[in-house]
Amino acid sequence: MKIKTIPKYTVYLLLVLAASIPLFFDIKMPNKPVDSSAATFKSLMTLEKGDTVLLGTDWTGSTRGESKAELIAILRILMRKEVKFAMWSSADAQSPRCAQDVITEVNAMMKKEGSREYKQWEDWVQAGFYPNSDVAINNVGQDVKKMFSPKRGTDSTGKLRSVMESPVLEKIQKIEDFKLVIDVTASKTSDFHVQFISSHKVPMIFAVTGVMVPETDVYYNSGQIAGFLGGLKGVYDVEVMMDKGLNVPDKDGKIEVASTKVTDQIAGFPGKDNTGSGSKYYPTLHFALALMIVLVVIGNVEMAMARKGAKNS
Amino acid sequence: MNLELYYALSKAAGVVVTVGLFSVLYKENKFYRFCEHLFLGLAAGWAAVGVWTESLHTIWYDRMMGTVDEAGKAQSGGHWIYAALLPVGFMSYMVFSKKHNWMARVPLGIVLGVWSGQQIQAYFDTYGPQVRAGMKPIIGTSGFLVPGADSGINPQVIAANVYWSQAISNFLFMFTLVSVLSYFLFSFEVKNKIILKVNIMGRYLLMIGFGAIFGTTVMMRFTLVIDRMYFIWNEFFYKTLFHGK
Amino acid sequence: MKVNEINFWTKVPFSKDLWMMVILTILVGALIVFGLSKAPSQARRPIIWILTFLSGAFFVLYQYWPKAINFDKNTQLPNGGIEKVADFLNDSNSIVGTIAQVLAAFMLGLGIFSILKIHGTRIAKRQRDWAFSVVLIVSLLLMVFLGYGDFHIREATKTIDFDNPEKWGAINMGRDFLFEGLLQQMDAAMFSIIAFFILSAAYRAFRARSVEATILLGTALLVIFSLMGGIAYLWDTKFIDEHFAKPGVTHDLIQNLKLAEISKWIRGTFQTPAITGIKFGIGLGTLSMAVRIWLGLEKGGK
């Protein structure tokens, strides 16, 4: 018996509809953050005003749906906590420009909510793009000062100086002087960070794409990294925690966002606009994934029917 | 040009090329081919720009020629020896020569040599902690389930004990690791029945890993489609064309 | 910059001396390249191997050589041969890294050169679809022109913050149009197309045909469910918590049937060791290949 299958154009059209229609509605999705997201949130929220972090951005437009959303969430936390950061890239020549455009975007968001603007040189620096990721990351691990010294930036008086003289990096002598090393990546740079920086005893967190979640989980489970945000689920997790805090009871004593792994009570940024692509895309993702599940079930039913038909004939 | 108009035009162009690339889902067509070549051209163009502006200018040219401040005063000296990298780098372009293409392996050999020299450190720093983290006790010392914080038992006592549910999970962890490794390491013809059985189990357990990868890959790819749809419907049509908030 | 920093190896920036040395170095380099091009075929392999070995040996030596303890380069001189070598290795580490980075950056141009060569030939010979090659080359040149133009403006006027769009001129706007308006959108679109093929392929081929396929399917579905917070909420809170869980008890058997817990257990107990095993195997292969390359045991080529 020949089973009639769904034509491929219908499948494509169904995906377009599933990925579009829910975007027009404001749907709130309940969510429990995974352990790795809660641990990442803790690492970011325990930073203090004036701390310096090293922020690797190794993504381009190809993964902007996930990576850009992750970077926005991380930057919002860093800027609200007034943490200084040195940004650098080693994966793709497009990465520095992509990241700088995101900083401009987040700065506009901060301005809108009444926070002060984050200024290049005083609050953050662009430490450059270094090809040959593995060698570059190894060099940063071995001698971050020598690595970033040739990169120059404009100070507040308009003078060109080495970024190592900036208020962001002036106290940094070695990689361990950073309070946290972050890598927002869609490439192998997360592996290189583990290979060449994990032995330096500096806490590290990653923000990776969905496809990288299983391999990054290995680093998290073995304690090589302090936490990670994995794809859209990771972004939504962190946006929810920014909004509602973690393990924070409401006025009825009920804890809306809880984690068994991270037991500390961490307040988020209630009352501020914490919505980003996570909140916008995550409900829609449910519909797209549901479509996939339905199609896989239909496919298996068709196979079972075809087998039964073949047996009967 | 007015910034608002510029953004409207920029977004409209983004929508046109996105639709152009999506049109390949129907069939290969000239509009798709146009967008595909435009994409390749712009990507290659940016690579040519980025490699100098974001990288070589700082890591090579500034080191070689030194730097001066805006008043022309010397900041750092020029190390002329870096100029030697130009002819070495040039050798990689000999790959296009029929007669001298072997010379392209000189710079490649240096880069590969540096890469290979790092691998011993990379291997042990990556897998050493993972092997240590995987060595967990497989015999329980207390009850079956791990008591919760509300059980009244001292959390330090809970952490010090190995509960049987943990011990079983630890055994399964170790067995999965060993059988997957066995599947890889004994990929040649094996006659030992025990290793054969372990290899088969390794294959089944690998499927769990691949299943998880599939699940998260689907999440990633669907997110990218949702991002495109959001760009078209929300950012362009709703916000730019209809000035929605 | 201090006067005592000027020596044979370091010259005043953009000075005549420096230019002369740079040109001389390039000329000597060009002569060596020319000399190498005349190398007999039996000498080629050893030349490449020696360079590969030396560059690899540096990092191996750096790892295994004892590090100087409490040594401050600014106030002390190295004590003895071992400390001298340790100091030398430490100083040279970033230089060797920079050499590899600069060479890798030069090699990035290979792709561009190759594209220009292929499409240039197609246009010159008016081969099929040559008009698309024109599109490619024009867009490439336009991006190069506007990209460098934007860079030049930013470098020349350091006091203006060009990350603020209100300060943009036509060149900056043109660069942003090509980069953000077109390239980034197309990059995102190109990579999202795969989702359609994955969905179609999953419908057609993701079937429980064998034990392996069934395990794969089951795990994938479970992981997908666990990624859907809405489904996890319905199962964990609305079904388990409201119908089966004992009030106030957070750790009993029924709690382990929650989707979040099952997914966590699968990830921690099976997925992590399976991926570790795979990567461990790949790592062993990579390490052995690295040693083969370093020691020149890799065969092939002339």
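For reference, chains read A, B and C in written order, and residue numbers begin at 1 within each chain.
Assume a residue touches a chain if its C-beta (ideal position, glycine included) is under 8 Å from a C-beta of that chain, and two chains touch if they have at least 3 such contacts.
In this text, all values refer to a predicted model and were calculated from it rather than measured experimentally.
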By number of C-beta pairs in contact, which chain pair leads?
B-C
Centre-most chain, if every chain is reduced to its averaged C-alpha atoms:
B
Can you name the chain that lies farthest from subunit C, using the mean of each chain's Cα atoms as its centre?
A
Chain-centre distance (mean CA atoms) for subunit B and subunit C, in whole Å, is 8
Intercentroid distance (Cα basis), subunit C paired with subunit A, Å
18
How many angstrom lie between the CA centroids of subunit A and subunit B, rounded to a whole number?
13
Sites on subunit A at which at least two other chains make contact
12, 15, 62-65, 93-94, 97, 130-132, 135, 138, 158, 160, 214, 218, 221, 233, 285, 289, 292
Please output the residue numbers of subunit B that touch at least 2 other chains, ranges allowed.
25, 46-47, 49-51, 55, 59, 63, 67, 70, 75-76, 111, 114-115, 118, 121, 126, 130, 134, 149, 209, 212-213, 216-219, 221-222, 224-225, 227-228
Mind pulling the subunit C residues that touch 2 or more other chains?
97-98, 100-101, 104-105, 108, 158, 165, 179-180, 183, 185-188, 190-192, 195-196, 202, 217, 221, 224, 227, 267-268, 271-272, 275-276, 279
In the complex with subunit A, residue positions of subunit B that touch it
25-26, 46-47, 49-51, 54-55, 58-59, 62-63, 67, 69-70, 75-76, 111, 114-115, 118, 121-122, 125-126, 129-130, 132-134, 149, 209, 212-213, 216-230, 233-234
So, in the complex, the side of subunit A touching subunit B is made of residues 9, 12, 15-16, 19-20, 23-24, 62-66, 89, 93-94, 96-97, 128-132, 134-135, 138, 150-152, 158-162, 191-192, 194-196, 198-199, 209-214, 218, 221-224, 230-233, 263, 277, 280-281, 284-285, 288-289, 292
List of subunit C residues in touch with subunit A within their complex:
90, 93-94, 97-98, 100-101, 104-105, 108, 158-159, 161, 163-165, 179-180, 183-188, 190-192, 195-196, 199-200, 202-209, 217, 221, 224, 227-233, 236-237, 260, 264, 267-268, 271-272, 275-276, 279
So, in the complex, the side of subunit A touching subunit C is made of residues 5-6, 8, 11-12, 15, 29-32, 34-35, 60-65, 93-94, 97-98, 100-101, 103-104, 120, 130-132, 135-136, 138-139, 142-143, 146-147, 154, 158, 160, 214-215, 217-218, 221, 233, 236, 282-283, 285-286, 289-293, 295-296, 298-300, 303
